[in-house]
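Chain lettering (A, B, C, D, E and F) follows the sequence in which the chains are written, and residue indices restart at 1 in each chain.
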Amino acid sequence: MENLLSQGIELAVFGMGTVFVFLALLILATKFMSALVLKYQPDQQSPKTARAVTQTSNNTLLAIISAAIIQHRQQNK
Amino acid sequence: MSQLVELWQTTGIYQITLQQFLMILIGSLLLYLAIKKGFEPLLLVPIGFGGILSNIPGVDIAVGQGILHQFYVMGLETGVFPLLIFMGVGAMTDFGPLLANPKTLLLGAAAQFGIFTTLLGALFLTDIGWFDFSVQQAAAIGIIGGADGPTAIYVAGILAPEILGAIAVAAYSYMALVPLIQPPIMRALTTPAERALVMTQLREVSQAEKIFFPLVLLILVALVVPSAAPLLGMFCFGNLMKECGVVDRLSDTAQHALINIVTILLGLSVGSKLVADQFLVASTLGILVLGMVAFSIGTATGVLMAKLMNVFSSQKINPLIGAAGVSAVPMAARVANKVGLESNPNNFLLMHAMGPNVAGVIGSAIAAGVLIQFAS
Amino acid sequence: MSQLVELWQTTGIYQITLQQFLMILIGSLLLYLAIKKGFEPLLLVPIGFGGILSNIPGVDIAVGQGILHQFYVMGLETGVFPLLIFMGVGAMTDFGPLLANPKTLLLGAAAQFGIFTTLLGALFLTDIGWFDFSVQQAAAIGIIGGADGPTAIYVAGILAPEILGAIAVAAYSYMALVPLIQPPIMRALTTPAERALVMTQLREVSQAEKIFFPLVLLILVALVVPSAAPLLGMFCFGNLMKECGVVDRLSDTAQHALINIVTILLGLSVGSKLVADQFLVASTLGILVLGMVAFSIGTATGVLMAKLMNVFSSQKINPLIGAAGVSAVPMAARVANKVGLESNPNNFLLMHAMGPNVAGVIGSAIAAGVLIQFAS
Amino acid sequence: MENLLSQGIELAVFGMGTVFVFLALLILATKFMSALVLKYQPDQQSPKTARAVTQTSNNTLLAIISAAIIQHRQQNK
Amino acid sequence: MSQLVELWQTTGIYQITLQQFLMILIGSLLLYLAIKKGFEPLLLVPIGFGGILSNIPGVDIAVGQGILHQFYVMGLETGVFPLLIFMGVGAMTDFGPLLANPKTLLLGAAAQFGIFTTLLGALFLTDIGWFDFSVQQAAAIGIIGGADGPTAIYVAGILAPEILGAIAVAAYSYMALVPLIQPPIMRALTTPAERALVMTQLREVSQAEKIFFPLVLLILVALVVPSAAPLLGMFCFGNLMKECGVVDRLSDTAQHALINIVTILLGLSVGSKLVADQFLVASTLGILVLGMVAFSIGTATGVLMAKLMNVFSSQKINPLIGAAGVSAVPMAARVANKVGLESNPNNFLLMHAMGPNVAGVIGSAIAAGVLIQFAS
Amino acid sequence: MENLLSQGIELAVFGMGTVFVFLALLILATKFMSALVLKYQPDQQSPKTARAVTQTSNNTLLAIISAAIIQHRQQNK
């Protein structure tokens, strides 16, 4: 049973160590990646924004069409 | 007449055991918690219902050719269900707050202390003869502290399928209990001034960074902890589908139809492990207690790590967001926000807490990789 | 030259048998009925098309490693497909009208007479030497009278897979023919005054009742007829997901993506049982005739039970809604409504008929459980 | 063959009996459940209604936004 | 200390081979092409990511019990994934332009020359000792020229699974490269006057014709080339679901949830064939070169056939639409339209090119049937 | 090896032949089918159009409802 506990302690030490080392490395890697990206694409506009714009226009279009139909209806009354 | 006796003997009233009756009550309790109390209903409704189905006497549902056993063999024995869920979760995760403040990754590391101390606790309880957990079982119990459902189910399915039911129930119940478990610990370990600390606003993160991050993460996993690659690989794949912007129809399906289908089947499969003779054992009680301990320690070490970081860094972080490092996305981040608002009504921590929150997912997946590597 | 002969011998024109040709015609007929006549198209389009595919000469589609045979092995031999369909149907079912008037459950019981008299009929035809049905086959044929597709397929898959194709075709065809089969029987057994009877409006049913009902049903199944628990368990699970209000995304998927995917695969799997040598046998004719008898008897006993209940009860029910007890949701309820309107243009029976209609689903699932228990 | 028929009759009698007994029990259980529910939650408002209200408000919101856009367009003409 | 060494030996840095590193680069290249260049992202994102996952050292992902290998066994060894994709593609295909001008079917035939000349090329390279392709492998390589992803994967899965990865990568890459590969060939083989030819507008096609077409196609396949029936059968089934108008919910699911789920799983499965020891072999280079040749020849013969048809027919067709006969739907049709606009700004060929485009799908499926019949 | 090439040539000839014969037959079958359809259903209206009409009405309905809500809001101001 002594053996079981010592196996557990070993597992805990290595495990927690790996988790910390990994996430520390990930911090470095992430900062490095972000620095690279910001260096080479400083003012890149995200496609999400572009899409949002399109959608807004579609909604506007819809509103215009609705308005037209409403007007048409009112004229026919 | 003899036929009437035979007919009577096919009824459940005749065949039901006390254990099965108790398990049906437990399944009903899970449904009550899920439906009435809002405890992680997406999982606990299928798990609870599956648990009831599994304990119906005189019919094979959770064993043999029974449908729930078939789902279990198809998706849990193979690991397919938790990995597909993880892919869907990846497709729903926004790494923006983490990328804006990468050092919060350390909080996601610190909160995994709960996993390993609980592992040791389980082995200690075995050492003193209260329980009889193997190293594999202890590891699977510890992972409850990761506060991440699919990770816990994936690890338990590999290391200790015989206690999968108890582990899944504990993991999802405690994730739902985060708003009750965490605040007292958070308040005990922080001063009002610390809780009132307002953090500087996060910078905008570009699309390119969001696309590269899952790839950077994957490569690092491949180089350092390959045993975590199935879990984090599927997670990063889901996230890349979301962020790359060219496969939106796949990303949508991963976030909706696919993850919903798998959630139903996974929940029922987990429910099949609530059969009386597997669940109603002494070790279940130990698992439930140890799981709670794991959550609490993870919360505490997350908060303490945040305070430690403030000692060394000029850019202060509110220690409350350390508690979000256990994962339990997005519940833990909301709790950090709520406790922060109590001390300072202008202190909006939600986005700041999302960083350690998703870091906790990565942290516990790494821990899972180590446990699978060395304990299996 | 010899190669040209070899090439010619690979063509379908060279290899096709008369039987295969006939089956392709039958598959086309099913498509015609589904597309042009609107006969249960969701099932008959895949079944009909699968039937054509299965009879293409010289290529393994419905046997061996063929795709339809793989679907069959994956979903029908295991029972997975009909059970998932049943879950989806549960998620689409509203028990409100039944809860508002629970005594209509008896109508759903009475309409199952069709199942058991047909079972006896099949055994009688065997007794006099016209056919050679086993008890298992007779039970599977009887269940056509349950007027419930997934139940019929589930039972046939367990008791008599060799006649699954004919049973599924009969079940779905007759469900589509309900507007033709039922009205003459309903008119013959009722007076115009009975048909004109206006029922009192149904009371509002609370959310809580709708949440508890599937659980009450499940517990009763567990205690009384456990062998019906796979079918009704999945059904109740689907219904609970719908009603509990906290897992709407799962309920939506169960009602749409999941049930649609399974319907496609189930239909094709059933089509794989339309291979000529299994379908073009004398017993198929017997199955078709007996299935029609089962439907007619179920309709009649449903109506007669309603009249019987009116003898003993002060709160009268329109006997037409008894015919809806065969299930065939929601077609049979619509038929009851339509026939009722003929006698009294202000007599809206639709909601009243939905009670016996869903009761019929429960009734035939219980009958299925009994048959599986005692005939297998 | 006699045996087959008698087996069938037995199956039919027990089967039909079980169906009736079960559904009769279900009537009792359902009535009992409904009575309990109505006793303890007499005026419970169903969540469905609450949701419907929200949706209506959303639609109203949409209409308001549409109206605003329409007005905006008309002013810019 | 020894444990630290052991820990170090579990890392990927310690275990990775040069081949695996190269394959991870290739996977990243595929992701780059898919995300940044828009190369068939729906397939190349999952394939590229799967390729990276498959080459992570020290963990079973693409072999044994690994998740990608399980997907492979489940869906590619059985043929289920490409056939379900084909069903979904059928449900998205509009045969209207083809029905309005059926003689464009011949263009879809002519473009399959690429398949068979490449097959011969592969065997010639084996003959002169540069490579060592079997007839099965040569056939699977040839099918790249069919410019149809699921067909290529289906054939390769049956005839030569060991080179499936290279074939799928080649097929999807070249389909994405159609706008670069085709125009020079098209310009070289046509005069400006030919390219400027304006075609008469297509007639309206009735709903009934669209419903009957998949059935006519299916029957003809059954009679003439039964070995193509699994592929074209599922394709026609999808198309019938779309056109018949009575199973819209099934058609919607086949076009969205189902095809998306299968696309994710198929892509990852194909990625599992990018393991270093299977992909980094000399034959891969041969496959990539031969695939390019196949595409080019198909393009050329399509154009030439159009010119030949103009010799014999009074109703002239613009030879550019012949290039669309390779399939690569809808990319090749768009390319034809674009090249046509260069010569005549009022020349809208898109709808005219859709006819040969979908004809090319049929043509390569027929070719696939012949190859499976005679080469397996 | 000679054998391999000749096998390939045979496969290519038969394969290409089959593809052409099949698609030629398909042209005939398609033309025959279209002729039959046009003969027996010359002026069939496609259900798609019917559905499109319904949808348009729905949109109109929506526009009307929106107009009503807008008016209602304006009156309440």
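What we mean here is this: a residue touches a chain if its C-beta (ideal position, glycine included) is under 8 Å from a C-beta of that chain, and two chains touch if they have at least 3 such contacts.
The structure displayed is predicted, hence computed values, not measured ones.
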For this session: Farthest from subunit F by Cα centre, which chain is it? Let me know.
Result: B
Problem set entry | Chain copies touching (subunit B, subunit E) - same or different residues, decided at half shared | different
Problem set entry | Most distant chain from subunit D by Cα centroid | E
Exercise. How many angstrom between the C-alpha centroids of subunit F and subunit D?
Worked result: 38
Seminar exercise, completed: Rounded to the nearest Å, the gap separating the Cα centres of subunit B and subunit C is 41
For this session: Could you tell me the distance, in whole angstrom, between the mean C-alpha positions of subunit B and subunit D?
Result: 32
For this session: Mind checking the centre-to-centre distance between subunit A and subunit B? Centres are C-alpha means, answer in whole Å.
Result: 21
For this session: Provide the list of subunit B residues touching at least two other chains, using ranges where the numbers run on.
Result: 221, 224-225, 245, 257
Seminar exercise, completed: Shared-interface residues of subunit F (touching two or more other chains) are 14, 18, 66
Exercise. What residues of subunit D sit close enough to touch subunit B in their complex?
Worked result: 10, 14, 18
Problem set entry | Contact set on subunit B toward subunit C in their complex | 10-13, 15-16, 24, 28, 31, 34-35, 38, 41-42, 45-46, 49, 52-53, 56-59, 61, 65-67, 70, 256-257, 260-261, 263-264, 268
Exercise. Can you name the residues of subunit D that touch subunit C in the complex?
Worked result: 1-2, 4-5, 7-9, 11-12, 14-16, 18-27, 29-31, 33-34, 37-38, 41, 44, 46-48
Seminar exercise, completed: Within their complex, subunit B touches subunit E through residues 78-80, 83, 87, 211, 215, 218-219, 221-227, 229-230, 233-234, 236-237, 240-241, 244-247, 249-250, 252-254, 257-258, 373
Exercise. Can you name the residues of subunit E that touch subunit A in the complex?
Worked result: 3, 7
